[in-house]
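Once you scroll down, you'll see the structures, which are given as structure tokens.
Both complexes below contain chain A, partnered by chain B and then by chain C.
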Partner chain A sequence: MAHFTKATSIKDWLNQRLAIEKVEKVMASEYWIPKNINFLWAMGMVLVITFTFLLVSGIFLLMYYQPNVDLAFDSVNYTIMREVDFGWLWRNVHGVAASVVFLIIYIHMFTAIYYGSYKKGREMIWISGMLLFVAFSAEAFSGYMLPWGQMSYWAGMVITNLFSGGSLHADGLVEWIRGDYVPAQAFLSRFFMLHVLLIPVAILGLIGLHFGALRIPHVNNQDGEEIDFDKESKKYLAGDKAGSKVIRFANDFMSKDMLVVAIYLVFFFYLVFYHYGFAMDPVNFDPANGLKTPTHIYPEWYFLWSYEILRPFSTNIGLMAFAFAQVIFMMLPFLDRSPNTVPASRRGLFKYWFWAMLIDMIILTAMGKVPPIEPFGTIGFYAALTFIGLWIALPIITMFEKKA
Partner chain B sequence: MKNKEPLILAVVVFFTLATYYLVEPFAHSIMHKHFESEGFAYKDLPAITKKGNVARGKELVMGAGACTGCHAITSQGLEAPMNAVTAARSYGVNPPDLSNAGAVYDAKFLDALIKNPAHALMVEHKFTPESGKSYPMPKFYGAGGNMDQEVADMVAYLQSIAPKADKLTPAMAFETACGRCHAVRYEKWTQIGEKPEYKKKRDELEFNIRVLDYQDSLAKYMGTLPPDLSIYIRSRGEHYIKTFVENPQQYLKGTAMPRVGVNAEAADKVIEYLEDSGDTKRHERESVGKNVMIYIIIFAIFALLWKREVWRDLH
Partner chain C sequence: MKDNSRRGFMGKAFGAVAGVGAIASLFAMKKTWDPLPSVKAAGFTTLDMSAYKENELVVEKWRGKPIFVLKQSKEMLDTEDKNMSQLTGKTTEAMDKKRLIRIGDAEYMVTIGLCTHLGCIPGYNQDKKSFLCACHGGMYDDTGMVTKSPPPRGLDIPPFKIKGNILVLGEEGPEYKKMKETGITL
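Right, the complex of A and B next:
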């Protein structure tokens, strides 16, 4: 057993038991971050803040929400929106944050792709990040079921139907997922459980893994420069702060993070109070009705690109393309064959690949929302083919990439 | 090292706005028909040419076999000949109390309605000669004099007994214009009136049964039970509701929903009623929103100062 002495202060008392000084050094003051970064490096902190908003607002909503097919709709739209003090505020924060969190995730992802932050030892950062994306997607989908409006019901119907696997006709699997032939009480109860317990727990675990995965390879920088963190941190501690290539996580990096967070919050709260409609689909303000199919069924905007990879093809091919789209981003570190860890702008053909992928995904997103009438059906079809083609081309173009 | 941050920010903002534009305004313009409001002018209906005489109008409205044979005018002490449930059983829907009609409905519309209800209401497709059905309210064929003059007199009388525009509450406008077909459960409104607080369960059940009976007749008459409008302001929005009420047929060809004929002021009152029901906290949202924005901007200023302070030594 360790030797304990009489504590001279509360800090000393805690230090003997929890090594708080050491923890503070490891986690903050001597957790070294490259100096050569831009505001895109603050998206992690923006995500932490947004996730915290989701968690806190979710806790308040949970106190009034009723996971029952007869009560759910009114518990949200009447009890929370009218009866509970500031219930409307928690709901707007929750709804807007759920949508905006995906915007930030996409910015975070494309930042990583642009700067090659998934290579040379950073593969696990990318993979854990993609697992978080999957978990957030499941969280968003399960949460979307809870108000039990028309879009909840019909999106639940359409998405669970995907599990029948087209010609495989795995209808038993679909019924097992729903707990019924159609989305009903069993379906709502289990998606409620997933949304408030199982998936949040998984997300918390994955956030831990994602942060942990950063420790050994360290954070990437704007030029993909390999930094000797030991040497640079010694320089910093010796007083040459300006000459060192690294900065402390706190307060150096944190102060920049908080500035970006503050600017983001101006944007975020503007949406919460003045422009929240995009995050709460009007159709979902009609109560669920299994006998009345809405004219247009579409997922929330952040799922549209993968929905559009499913839609233009025949059932079986569409499902395969959809499955491909779900897993392919996870494989990125292995499909990119180039040894260069530099920004896309210095990587030959990959530069064009990056912008083509970004624009193609925006086109897919747009076409996923509009009804598949011409010319949108055709545009969507070719955008989906382009998506698949770009991924097939990736190993080839990166294999021949010159050393930067 | 050149500062690339403004360029990066511009790129992020550009792609974010492009995506937003495509999935919101653009996609919705493809998915939904858009109609501009005519400002409740009812241009297809003829203008009233005669100047109405209130006293003569009163005689016509109260006369034997005239309006009060079916309609209540409670503000003048005239109760309805039948209760709502019985009336709905006979006519499909309870005929409106005319106390507020002069304030809620457009004068030109009232004029056209008295002469030919199915035409003014745009429900002639439901009452064709082949259907064998006729609109429950008969056309007014005149009381022996000049018919245009007589109808103008009746409209003038209805306007004279109606509350002034500033006395017309949102609930009055809604109840007269929409409330006999549409329930609004968040405001405790049913098609037969506001649901009272009952002490005894039995009394409440009796009331509920009356509502259900009424709804049965209504559903049979309309083809389906008209929807509860509690949060229509969120699911449809102000523009859609107004233009739909102005001319339901342009959105839903063949719908049983009649053109309601409200005037522009009453339409605003109806919207206010629906906002009170479905967007109850809008005033609080605006005031809290303003304070939060001020707070966050101050927070951002402090964040900027802190960053500058910390980074002074790092450059």
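Right, the complex of A and C next:
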């Protein structure tokens, strides 16, 4: 039984009951971050901030949004945008953040690929991160349904149809997901539930896992150097701050992080106030109509690359290629057979693999946006083949990689 | 020892009860996601076939889905379809006319107006007498046969029953059953 003494201060009172000093040490002042990092290491904090914006703006949107097929469109485009004071602000923040969050996720991902931050005990960081990517994708898709415009409806139609599995004809499964033969009230209500409750709860859990996965292997650094965190932190605490390879998470690391966050926020709010249009498709300003397909259906930019992998093939092969693209990144730590944890630039063929993958994904993204006419169809086709080919080549080229 | 096995037994018993409960609740959850009976019962659509004009696509609605009705002109029936099916490599002629529904002395194409690829609504071009799906570039001829992939098959034909000049969608008549058996539609 713990022994409690008369508290000398509020802090002491809390400390006796919640050990706040210890918590502060574990979470911040004695959570050690390598010195040898650059601004790309701030993307995690940028994501935390963006997610917070999504959460807060979402709370205010939720107060006026109506998940009803007859009211949803007007509740967004009329009530929130025109009637509610500052309703437009929450919507712009929500829309822009939903788009920008994927840009940052991609930067965060490719940073990890470049520096090999998915190896040597960091596999769970990568896997939980990819699970977060999946959860964010589901969150973005379900959110896209809610304004119930033409793009909402038809994206809902096309994406849920993917679950029929091509020639498997699992139409029952598609109807089960929709709760109707076509996207209708049951569909809107359940995607509303997913968007505001189930997926956000999953995301919060996964963020916890992602952070937890960092504790033991610690944050990677620019050279992939294996740092003895115990030794270096003792050095730091003993006063040799210059000689130590690590710094405190707070306030040292955070103060640098916050500089990057501040620059990011300037860019973010510039978009929110002056350039929010890119996050809101004009087609979605027509109310949903099940009897009229928009002339050209395309997803938001962050899904274009995987959509383009689906498109150039016949249904079944397309679906297989698409499924492949969805899961393959998860497998990265196991497909990279090289023990080297150094930047891609020092890894021989992997250097070219990294840049080829990045460029190929940009090409796929661009081809996914244009209508399916020539020569774009052919370019997309070869880019999709390249994507698959690169993943097949990865274990082979990394197997023969020399020790760096 | 005795104590241990008793504890083990308790553990297993609790586990079993919890397992049954978990399966039962999964079952309830699955059923809750099912389409409602009122949705499933969403009735039948009746079409008066004498009202349509030749080579003019009319879009009707059945169970929330668009239904294409295209009355064939003499020219459409006479011209042999030269379209090659990308899937079989043969001309679509063999399947072609079998997809039509004869009512009185006119022939009609009646299909669900959703692309069999991923469900966009193809558009009809009256001059070329063909359908183009803008989503991924799939094409169909004037009987709904697929002529360019990615769609894996022709436009699906909804269950129908002929009653004189009237076509009832949602009921399976003998003509529909025959189409299904011969693999004309799914």
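The rule we apply is simple: the second predicted complex is superposed on the first by the 404 of 404 C-alpha atoms of A that agree within 3 Å, B and C clash if a C-alpha of one lies under 4 Å from a C-alpha of the other, contacts with A are read in each partner's own complex, and residues count from 1 in each chain.
To be clear about the criterion, contacts are C-beta pairs under 8 Å (C-beta built on N, C-alpha and C of every residue); 3 or more make two chains touch, one makes a residue touch a chain.
Bear in mind that the values here come from a model prediction, so they are computed numbers and not experimental data.
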More chain A residues in contact - chain B or chain C: B
Which of chain B and chain C A:P371 touches, first, second, both or neither: both
Touching partner for A:I297 - first (chain B), second (chain C), both, neither: second
Which superposed partner A:Y181 touches (first chain B, second chain C, both, neither): second
Chain B versus chain C as contact partner of A:R215, first or second or both or neither: neither
Chain B versus chain C as contact partner of A:Y270, first or second or both or neither: first
Partner chain(s) touched by A:S255 [first = chain B, second = chain C, both, neither]: first
First (chain B), second (chain C), both or neither touched by A:I362: first
First, second, both or neither for A:R337, with chain B first and chain C second: neither
Residues on chain A lying within both footprints (that of chain B and that of chain C): 295-296, 371, 373
Contacting residues of chain A [partner chain C, same complex]: 154, 157-158, 161-162, 166-167, 169, 175-182, 184, 186, 190, 290-297, 311, 313-316, 318, 371-373, 377
Touching residues on chain C, where the partner in the complex is chain A: 30, 33-36, 39, 42, 59, 61, 63-66, 87, 117-121, 123, 134-137, 149-152, 186
Interface residues, chain B side, partner chain A - complex: 1, 4-5, 8-9, 12, 15-16, 18-20, 22-24, 26-27, 30-31, 186, 227, 230-232, 234-237, 278, 280-281, 284-286, 288-289, 292-293, 296-297, 299-300, 302-304, 306-307, 309-311, 313-315
Chain B-touching residues of chain A, taken from the complex the two chains share: 35-36, 38-40, 77-78, 81-82, 86, 88-89, 92, 103, 107, 222, 241-242, 247, 251-252, 255-256, 258-259, 261-263, 265-266, 269-270, 272-274, 278, 280, 282-286, 295-296, 301, 304, 358, 362, 365-366, 369-371, 373, 376
